[in-house]
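Each of the next two complexes has subunit A plus one more chain, namely subunit B in the first and subunit C in the second.
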Partner chain A sequence: MTDAPITRSERRQQKRLKRFDNPWMNPKLIWGAGLLLGIIALGLIGRVLWDPELVFTGSATLKLPPVGFENLRKQPGVWSNPLGTDGGGRDMLALIIIGAPNTLFVGLLASLIGMSIGIFLGFSAGFVGGRTDDTIRVLADVMITIPPLLILVVFQSAFGDVTLTMMALLIAGFVWQSPTRLIRAQVLSMKQSGYVQMAQLSGASTSHIMFREMMPNLVPYLFGSFIASVTTSIVTAVGLEVLGLGPQRIPTLGRTIYEAINAGALIQNLWWWWGIPTLLLATMFIGLLLINLGLDEVSNPRLRKLS
Partner chain B sequence: MRVSKLLLTVSTLAFAAFSGSAFAQDISREETVIFDLDRTIQDPENFNWMTPGTKRMHGAHQTMWEPLFILNYGTGDLDPWLATGFESNGDSTEFTVALRDGVEWSDGEAFNADDVIFTVNMALTNEDISSREASTIRAQVASVEKVDDLTVKFTLADANPRFVVENFGVRIFGSFLIMPEHIWNGQDAATFAFNPPIGTGPYTFTSASSNRAIWDRNDEWWGAKAGFQDLPAPKRVIFLETGGEESRAQLMASNQIDAAQNVSIGTFEAVQAQNPNVIAWHQDYPFAASDPCARQLEINTTMAPWDSAAMRKAVAHIIDRNQIVNVAYEGTTEASRTMFAQYGSMAPFIDAIVDAGHGLPASADVAAGQALIEGDGWVRDGDYYAKDGETLSVNIHVNSASTEYTRTIDVIVEQLQRAGIDAKAVPVENGVFWGEVLPFGTYEMSYSWLSCGSVNEPWASMGRYTVKDVVPVGERSPGFNNTARWDGDAAELYSQIVDKIGTMPLGDEAIPGMVAEAYAHLDAEMPFIPLVQAAKLLPMNTTYWTGWPSAENYYNHPFFWWNHTHQIIHNLEPAG
Partner chain C sequence: MTDKPVLTLRDLSIEFPTPKGVVKAVKHLNLTIQKGRRVGFIGESGSGKTTTALAVMQMLAEPGRVASGTIDLSGTDVLALSEEEIRKARLSRIAYIPQGAMNSLNPVMRIEPQLWDGIIAHEGNMDRAELKRRSDEALTSVGLPAHTGTLYPHELSGGMKQRVCIALGIILNPDLIIADEPTSALDVVTQRQVMQTLNDIQAQIGSGLILIGHDMGLMAQSVDELAVLKDGELVEHGTVKQIIEAPKHPYTQDLISSVPLVGGESFLNPERNAQAPKRASNEPLLRFENVRKDYGPVTALHPMSFALQGDTPQIISIVGQSGSGKSTMGSIMLGFNPPSQGRVLFEGQDVATMSAAQSLEFRKNVQAVFQDPYSCFNPFYRVNHALKFPFKQFGLAQSEAHTQKAMEAACDAVGLDPDLVLSRYPHQLSGGQRQRLIVARALMLSPKLLIADEPVSMVDASLRATILSNIYDLKDKYGISILYITHDLATAYHVSDYVMVLYKGHVVEAGPPKEVIGQPQHPYTQLLIDSIPWPDLNRAWGGGRDDWDPASLEAEAERAGAVYRGDVAGFELAQV
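Take a look at the complex of A and B:
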């Protein structure tokens, strides 16, 4: 046994190799996750450092601009409302501290539920086959052709005021079909591989094979699919909110934009009212996109070499 | 931003598509006046104004159907229109109305006493027609008879000194419109669609769809031939649904409409900065004209826990009117002290009520409100009050047609929430709100102005909450009267006094004292909570047309969705 210590250059080489080899240390992934975590941190830390009560109607002077700007009435921004206020006297900073995590929450919850349904149905269809497969496949195909926003607009108008969770549940009903199809296809191809057949021969139960043998190999796909459905869910949720159909007293980014449009913020040049939530939504989507690209590279090594 | 731009693009495209068809004929923009419509035309093929829906304010009663008289808000006089005058007997139970000579329907038939008698009889005999004006006629008139071709005599069931102004004078919004007997005869007034419609006005119907109605000038109009008025200058009048405040403002700034519905003061200032031709009632702050319909929170007194007067009173204590004025109206109006519009002509009655101690404060007394709630057995549990495991909550229905309405309710929801009531706003589309929610009592609380009516005497408003109009939830309140369904001992006492005021001559010195006495019951029971005075900031565009009503040019008020808009259109002159 030689105990010779490795040289510095060797160590550096090793470190570099490790970094390149660890697929999870992907810069896109890190940046994307960083942006989303930043928004979550904004929500968590903001609640401690800033007064969340300012999010309600009439808490401050109306239509104040952010610090360093003037509104049409020549009122300058003040530090007690650093990002300005909206037409109902709500503080913009408090609005995004509460609203941005709410928007993200709807997206995450909806796709978490949607994915769980998708995983279960996809595995069942792919692995069990036969009638089960036919039923699930037809169901998913039919659902894919239905435009979700159309149905949701009707649903939400009928419900009136909904809670965030309620809205997430409704959206979840429209984001399970794509993961179902995707997972089913993967499972079908994986079913033929050696280790699955081995497990079958050794008498493992269906659920054991599905969730203990095959699932771990699908993790990158599942993640990618999850992130894609978070994006879809947020787009759907924001779409509903901008139409004024989301929760009413709970601040969300989409509702803020709805109120800005409704109150004539564009013509009054209250750009901070619609601009700040729009910017945050853009950040959120860029973060999700980066994570998705990063995951793609993680699960597909060929993409990694190209980059 | 993407979404808002998309919305803008869509509305611009929609407008472009519409204007393409509307201006296809050779009437130029300079000869057209375009009014803003704040609601969708639910049934553009139907012109039977006696049934509910958008049948009048899309131009029909502003251009095509004329009233008998028009109450002039500036002078307080009744300006004669299709009628020339009226006389009544000493105790105000018989009214003889003289009609103008030479009036014609647009198809050439003469307008005369037969049309008036026919239409009134239709309202008297057909129980299925439900418009407010028809219900009022049915409640008041015992019989109507023809004296000669131009004279009609009404005999009333009870004395009513304000019969003419109330029914035929466009006091609030509309008047009882006379329909052509030669077309309506033999039709069922509850189902007849009256299409194509005709009227006596200077415009005839051209086309309508769900978002606009077009009316073209009839150069053969009787008024010009008979020397009553000149032909109005605009060759075409369009009522166009603009959508929300943003698109309304953009259309105004770019001269695509000539008169817009209410906007907030910030929006108005921005529009004026972009388009200096845009004016409003006042040249300077607060710009807005005061509307005679003061805003209120209507409470359904049949639904627990709001069937308790103490609970309603508690809500009244919790509401901070100053905050509504400052946040929802940005300081352009004032807090209501009573149910009445705060016009100079109403001052004696308002003062009598305030002196008797029944006036409303502008600020809130949350502690007093909470004490009343606790007195009713509710216990604060965390954010909200609860009793028997049930949280104290309320849904407030609000018409989503204007930001004025929704902003007010947002403020009230916030105030109630902070005081421990789980209040929620339920925005409802205009047609559903007026057609289903309010008249049938399917709400707990709602935002309305249903005590509207009085502009120079107290009875018109007070008479809307008497016990004779109480109907069960699920049945239509007659003429939107007492939609709160307020009854019980206090309501009986109130009604007795109000009914008595109704038969007394206008200006009787005993009236203010009686008003205060009746108001004591109203104040104690709060079937509705007066909020603020209504101010309407209506941008009007002088790029194509001048002669708009304003504080300086006060020929009448500017509410161009009312039946008096004939006067506005006759006053318009082409600019430049």
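Take a look at the complex of A and C:
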């Protein structure tokens, strides 16, 4: 570009810019994915290195603090329960090893189902138009105004004990609306675009236009929407669990918090009981948020900053 | 000219740091604009003309910056001004008239308060009656009735909105007006009105004017001096007379010669040797039977019947302003838009009731080139997808190697290097390259009929002639009949065998181009031809008449009946 030799700072800047050329390598995305993978890894490696049975057996001393702390009864933490125990003598480490992946699983499954419904309905509405479009649009709009927690509380109380999958299915019924609307809007605008007209001129079938011409361009939106609905699903799931309405026998982060509140952990200063699951949930949400921001940069190059 | 110059640019360089390194948008520009002079900045998109104008107002988009040089606005160093000082200088000393007047007005405010905003911001609050007096004065000075001020932007036409923007610009009598392609979104008739308004008002307040544009004809008709920019460099600067009559730089010569003239020398080299592909049926290739199209209560196209025989390849031009129904005709022919009444027959077969197999055959035989080359490629795929896919879809491909060979041959035919373009992504190619690829695509499929809907209106002027001759070659060398839809009478004059002029959904004049465009008889055709800005100083806009009144001419056009100027073999238009 210039004849003058480049200085060290300029070279460093060029290097930084080069790294920037690949939008998928942006730090937000890497950090976000790292945090989530960390939680999954905790679940997988934990099952191997730690005894997951400790979740069920209340064999340890009750209400032990994490190592390095003392509880109100002046009992110090012990290495056999490094993160302490809860009011029933269950090991906290084992609880999060089993519970955290469970919470994530509900979120992922629910939004996977929700997204599939959303993609199907969104494409149908955008493509078919007319009555179908009106029905789907009105349905989605009505569903958006209904607070999901309210309905789910009623459902879950009626069902009594549910499995994780069942809960994911119920939540999925409330996360399909926004992807539906988003995809419908994108399909409508893409239908007018030159390349779809060109494909029509090329004698392309409707399914070719949908899945080969439109879908690839929707990918960034789908990813973003997926992550957003994972967040919503986890919030809903945890909300239900904290109310004591989730699965009764399967440990999840929300259920642990529910039990802690129920047993008066806040008054007794048993901070590790509710604090550790809350911390993990916070990590999960920060991870999801970072992924979402990272994906935004991928799909919207204008957000990429120079410095 | 004893006054100080309004604007002096000395050694001005502007750069944009980007991930790929620093882009120099403007390089060492030296220019002086005297009081009362009109200076045109002409160049292709990306040549730095708008960037220069924005730098004068210190409104460069981030991360752009002035790298060197000075900007002197009648004695003030603009670059040394503080944020607050430059805010005061904007509008009161430099006014900017933006490109898209459609989007420059606040849609939820009436016009008047938008004009008052500027006054209040610079001169403080004042009496409402005084504000009203000044906004009315500004509106009347741009030829709008004073009551326009009480309307909302959506109640105005495009030309009126552009004039409101001019009124906004001149309300504080600035030293310098910068008009950035003020007429690019308007059709020729409105363009001429708006440019006259702008020139009148500029002469009245005696300010300097920078007119940014890419149309040599418009420049020739409206400015005193011309600055030709290319890749951020000032390649030529002089009076319009000097530049039009004796351009020195090859780029300027290109710019001038790329504007096609009615009656001028043709930019095509006709060599008629191709025969239309042999056809099985005797039915005309395309027939319109009383086709009519309504959009709600508006009739976009009044019943029209014609038959294109297609035994000898021909180019039929459909000419009209925006809203004349010409693009509607195009989409009806392609079967994208069903007619409200009547039938469209392709080789005797109704397009609306075709079976799947017939429909595929129809698609193979009727292809199109659209206006916007930027959106015609799926950004997800490399550009060869657009060529490869239809080729396979229509069963023309024998093998992968055969497809590749056909693509390369088609690229060569339109003057593109296949190794360079085929494996690129669309955003890596220029508009001109993309449009040529679309022509290459049509060529590969060898359809019987090609519908070209404004194929060059979004391409840089210097490339238009090349692309049109590519399309013309389709007819000459490959025997494809073409329907050319355009608003540009000059190109229609050269390429077509038959011209139809459309006005509000009616054919008003039709016949061979030498008659229809060469010696127009219908008042509407005359109006259109008068409104074309010629890059020729001796041919003043519309014959130099001052009493030019498009409203009365349009009223006359409404009353006049259609004029038919003779037939060509192979195309029959039913006379209504």
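By our rule, the second predicted complex is superposed on the first by the 285 of 307 C-alpha atoms of A that agree within 3 Å, B and C clash if a C-alpha of one lies under 4 Å from a C-alpha of the other, contacts with A are read in each partner's own complex, and residues count from 1 in each chain.
Simple rule for what comes next: a residue touches a chain if its C-beta (ideal position, glycine included) is under 8 Å from a C-beta of that chain, and two chains touch if they have at least 3 such contacts.
The structure presented is a predicted model; accordingly, all values stated were derived computationally and were not measured.
**Q** Overlay done on subunit A, so just call it for subunit B and subunit C: clash or fit.
**A** fit
**Q** Going by the contact rule set out at the top, does A:Pro216 touch subunit B (first), subunit C (second), both, or neither?
**A** second
**Q** Quick check on the superposed pair: does A:Thr278 touch subunit B, subunit C, both, or neither? Answer first, second, both or neither.
**A** Only subunit B; A:Thr278 stays clear of subunit C.
**Q** Which partner does A:Gln200 contact after superposing on A: first (subunit B), second (subunit C), both, neither?
**A** second
**Q** Hey, in the superposed model, what angle do you get at subunit A between subunit B and subunit C, Cα centres, nearest 10 degrees?
**A** 140
**Q** Pick one for A:Gln248: touches subunit B only (first), subunit C only (second), both, or neither.
**A** First partner only.
**Q** Which partner does A:Thr135 reach: the first (subunit B), the second (subunit C), both, or neither?
**A** In the superposition, A:Thr135 touches no partner, neither subunit B nor subunit C.
**Q** More residues of subunit A are touched by which partner: subunit B or subunit C?
**A** B
**Q** Could you state the shortest Cα distance, in Å, between subunit B and subunit C after the structures are superposed?
**A** In the combined three-chain model, subunit B comes within 41 Å of subunit C at the C-alpha level.
**Q** Quick check on the complex: what are the subunit B residues that touch subunit A?
**A** So the residues of subunit B in touch with subunit A come to 1-4, 7-8, 244-246, 248-250, 253, 263-264, 266-267, 269-271, 273-274, 323, 326-327, 330, 395, 400, 403, 406-407, 410-411, 413-414, 417-418, 424-427.
**Q** Subunit B touches which residues of subunit A in the complex?
**A** Against subunit B, subunit A makes touches at 56-58, 62-63, 72-73, 87-89, 160-161, 238-239, 242, 244, 248-249, 257, 260-270, 274-275, 278.
**Q** Tell me, which parts of subunit C touch subunit A in their complex?
**A** These residues of subunit C touch subunit A: 17-22, 63, 334, 336, 359-360, 363-364, 367-368, 370, 372, 374-381, 386, 389-390, 393-394, 438.
**Q** Write out the stretch or stretches of subunit A touching subunit C in their complex.
**A** Of all residues in subunit A, those touching subunit C are 1, 14, 17, 20-21, 193-195, 197-204, 213, 216-217, 304, 306.
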